[in-house]
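To start, I am sharing the structure in question, which I have written as structure tokens.
Residue numbering begins at 1 within each chain, and the chains themselves are lettered A, B and C in the order written.
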Amino acid sequence: MFLQQLINGLAQGSLFALIAISFSLVWGLLRMVNFAMGEVYMLGAYAGWLVVMYATPNLGVALVAGFVIGWIVGWFIEKVAFKAMRGVPHIASLVCTIGFSFFLKELASALFRAETKSMPSYYSDTAFTFAEANISYLQIIMVVIAVVMMVLLQILFYRTKIGLAVRAVALDYRTASLMGMKVDRVTSLAFSLSGALAGFVGVLAATYYNAVNASMGFVAGLKGFTAAVFGGITSIPGAILGGYLLGAIENLSVKYMSSGYRDLVSYFILITFLLFRPNGILGKKAKL
Amino acid sequence: MQNKWHSLVGVTLLVGGATGAWAAPSTIHIALTAPITGDYAEYGNNFKHSVELAIEEINGKGGALGKKFELSVGDSKGDPKESAILAQKWTSDSTILAEIGDFTSTCCMASQPIYNRAGVIQLSPTASHTKFASGSKWSFSAYGTQYWEQPVMASLAVDKLKLKTAAILYINNDWGVDTQKFFKENFEKRGGKILAEESYFSGETDFNAVLTKLKGAKPDALFIATMYNDGALISKQREKMGWNLPVIGSSALYSPQLIQLGGTAVNGVYSNVSFFAKDPDPRIQSFVKTFETRYGNSPNFAAALAYDCVYLLAEAVKRANAMDRSAVRDALAATKDFKGLAGSITFTQDRDAIKSYKPVQVVNGDFQLVK
Amino acid sequence: MIMEIAKLEKHFGGLVAVQEVDLALAAGSIHAVIGPNGAGKTTFFNAITSIIPCDSGQITWKGERIEKLSPQSISAKGIARTFQNIRLFAFMSVLENVIAGTHNHFRSFVWGALTRNARYRREEKESREMAMALLEKVGLAEKHAEYARNLPYGEQRKLEIARALASRPDLLLLDEPAAGMNNTETEELEQFIRALRAEGLTVLIIEHDVKLIMGLADRITVLDHGVKIAEGTAAEIQNNEKVIEAYLGKRRV
């Protein structure tokens, strides 16, 4: 069963890692945390659910819908909570994102009613069994998607001009603006991208857990943030590392302790790292 | 100065309270606390609809003691804090005779001290925690506790299905802990063996890890002490894992939503009912029909119990022949063989209902009585 | 005159960092701004490049008013600069820093990056080649893959100049480019700036190294306490009473 828990952990870790990247993106650019990220994820999940229930049972379309909704909501949050609040102390933006988190959650429960929606299963058959551990197609797909996303992001950031601009703005936005870079546009772009990523993961998670509800974002957001802090929020590789490690640790903690301790373990990690090693495992060295 | 203020406030309260009790109110004002929104919204709305229906019926027949019922509704969202806030609101309103609600034992117990202090009847249709009704002389439960329910499920598992071992997955709240405890007790009493027990907290969506762990214990059956929504989720994730075995739950699984959310994954799941919508009893059929045409969905057990609660109060008022809170409480406590939609009710010394339960099973996407 | 500055002013609270400064910059010239520490030279540059918006005054660039534009628009107009306290993108490679400087010259952005169309690929290739050529020119081609923060100080200054040149500016503002350079490097720098002028570039330079300035500058403006106290050729400035007083005056009193 160790292997099975490890596999569960990897699948879940993929979700954590992707949300953690969303946090990293925003952190890298603005040295800010968007606490509404979990709710963007939740709205993405609803978008995916609406697609498969009312439009087409195609999971690909659902994922795209989650991405698009996440993009739009991310864009909007940046405009209200960050752009409009530029020059105001950071704490105001932070509180504003917390406000957004509650607002979006209540909005979703008003729009969709509070009860859990059932998301159909996709690719849930066992792909292969290895030493008594079952690995489903969906689990493989999740890990593959996560890895592909990460590679795409690395390419975007390190092989393209937009990526260069995003990194430049993240490092020194004043100097970047003197290079002719449109700081607002780059920030907005990266913020939207982080939202899109969260929305996309929301659909993936909804499919994996077969559930969509208005409160699903809170824990997911907190776990994603934990993963980011754990691995190192200043860098995408750190966020990825944190995501997979957290997934593995959580699932193995269920094996060795009572499952009631699982979240406790995560939050213990969060608090410990915030206190003693806020730059995470990878530390400060690696930048976006 | 401060002391003067205190006594002034005290006098005002006293006078206010006294006039409330003395002035003969023109209606029988009752309050309903229910999770209209939130995770338990389905139950909450069933509460609200059936209580409205029952009041309409009673008022149509002239009410009780020549007075009509009047209803105030509050949404607790399934949150104990909200439930307690509503309790403050209801108890500070002297026109309110009794409260019906809340849905979960946790919510009921959070607001119990407030009703107790104020001396207001707290009649919960569904609180099933053994320590709830016994906790205050003003608290009543129409549901019957896990104490009466779980012997039925344990007997089903051991005597009928011939299952020898089981694993338990329960939600970590008052109700879940109780349910788990009584199932375990009764299962073991009949010679069964519990191989593993795991809990989770409200709001969890990932059951893969905990199911994997339970599966490792290789039990004959899985007992889930959960509400229908988690039950559906757990079943889906269990099915995906390829773990097929008899699944037994409590009456909280009995809901059309279980099937709607769980799809084929909940086929075969056992639950039990005190109220069964397909019961041919004409009284039940007429209720079901009215409810369905009015609200577009079929009533669940919570609806039937809440409906019974209104009639319980109406009958108590008639027997007390007074609108006094404490007289009505005494009359309610003396309820014997009340014939409700959800079985007959007799209150124990501790104001818990003694009831009977019938096991049901999901067969091809529909609940059926286990024969 | 390629740039004309009139009555430029910048306050920081009660402090007047730049006060009613006028300056006319001839196209293709090397113009120096000198003055004691805290005279307001860097602030003057910051105001020109809109890093810190000025309080009042006018800046006319090629006949167009630019004092209210954003830094990125100033950059787009063909004005580039370096910083006294080097501001490279520390966690980027040397090459990436210079490529960042080419930003203005390449149009396709999001759409191009998504589709990687022919134009986008051509632009990427061009900007890379252009950046390498500039690194070649300042002698950093070998180190193009290094993190900028790992270069020695003098080389970081060179890299900043290369990055500024990458935007193909008409006016280059250099804020103490020789600071932290050794003698050989300073001489190389002098040659380099002369070569830039030969290519038609206008250079506005702040420098404390008097030897460098006297040999290099066509015209010199002297600031003291935010006020322009003198302007002229090297010879004129060297004999100006006020300038001598500003630099040495306190000692005389």
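Things worth noting here:
The definition used in the following text is that a contact is a pair of C-beta atoms (placed from the backbone, for glycine too) under 8 Å apart; a residue touches a chain by one contact, two chains touch by 3 or more.
Predicted model, so just to flag it, every value in this text is computed and none were measured.
Centrality by Cα centroid goes to chain A. For chain A, the chain whose average C-alpha position is most distant is C.
The pair with more inter-chain C-beta contacts, choosing from A-B and A-C, is A-B. One simple way to say how far apart two chains are is to compare their mean CA positions; for chain B and chain C this gives 76 Å. A separation of 38 Å divides the Cα centre of chain A from that of chain B. Between the CA-based centres of chain A and chain C the separation comes to 42 Å, rounded to the whole angstrom.
Looking at the complex, you find that chain C touches chain A at residues 49, 51, 70-72, 74-76, 80-81, 83, 87, 89-92, 96, 99-101, 103-104, 106, 109-110, 113, 123-124, 127, 163, 167. On the chain B side of its complex with chain A, the touching residues are 37-39, 41-42, 77, 172, 198-201, 203-206, 208-210, 212-213, 215-216, 229, 232-233, 236-237, 239-242, 257, 260-263.
Across the complex, chain A meets chain C through its residues 156, 160-165, 167-168, 171-172, 174-183, 189, 287-288. The residues of chain A lying in touch with chain B in their complex are 1, 4-5, 8-9, 11-12, 109, 113-118, 120-121, 124, 126, 134, 136, 138, 205, 209-211, 213, 215-216, 218-219, 250-251, 254-255, 258-260, 262-263.
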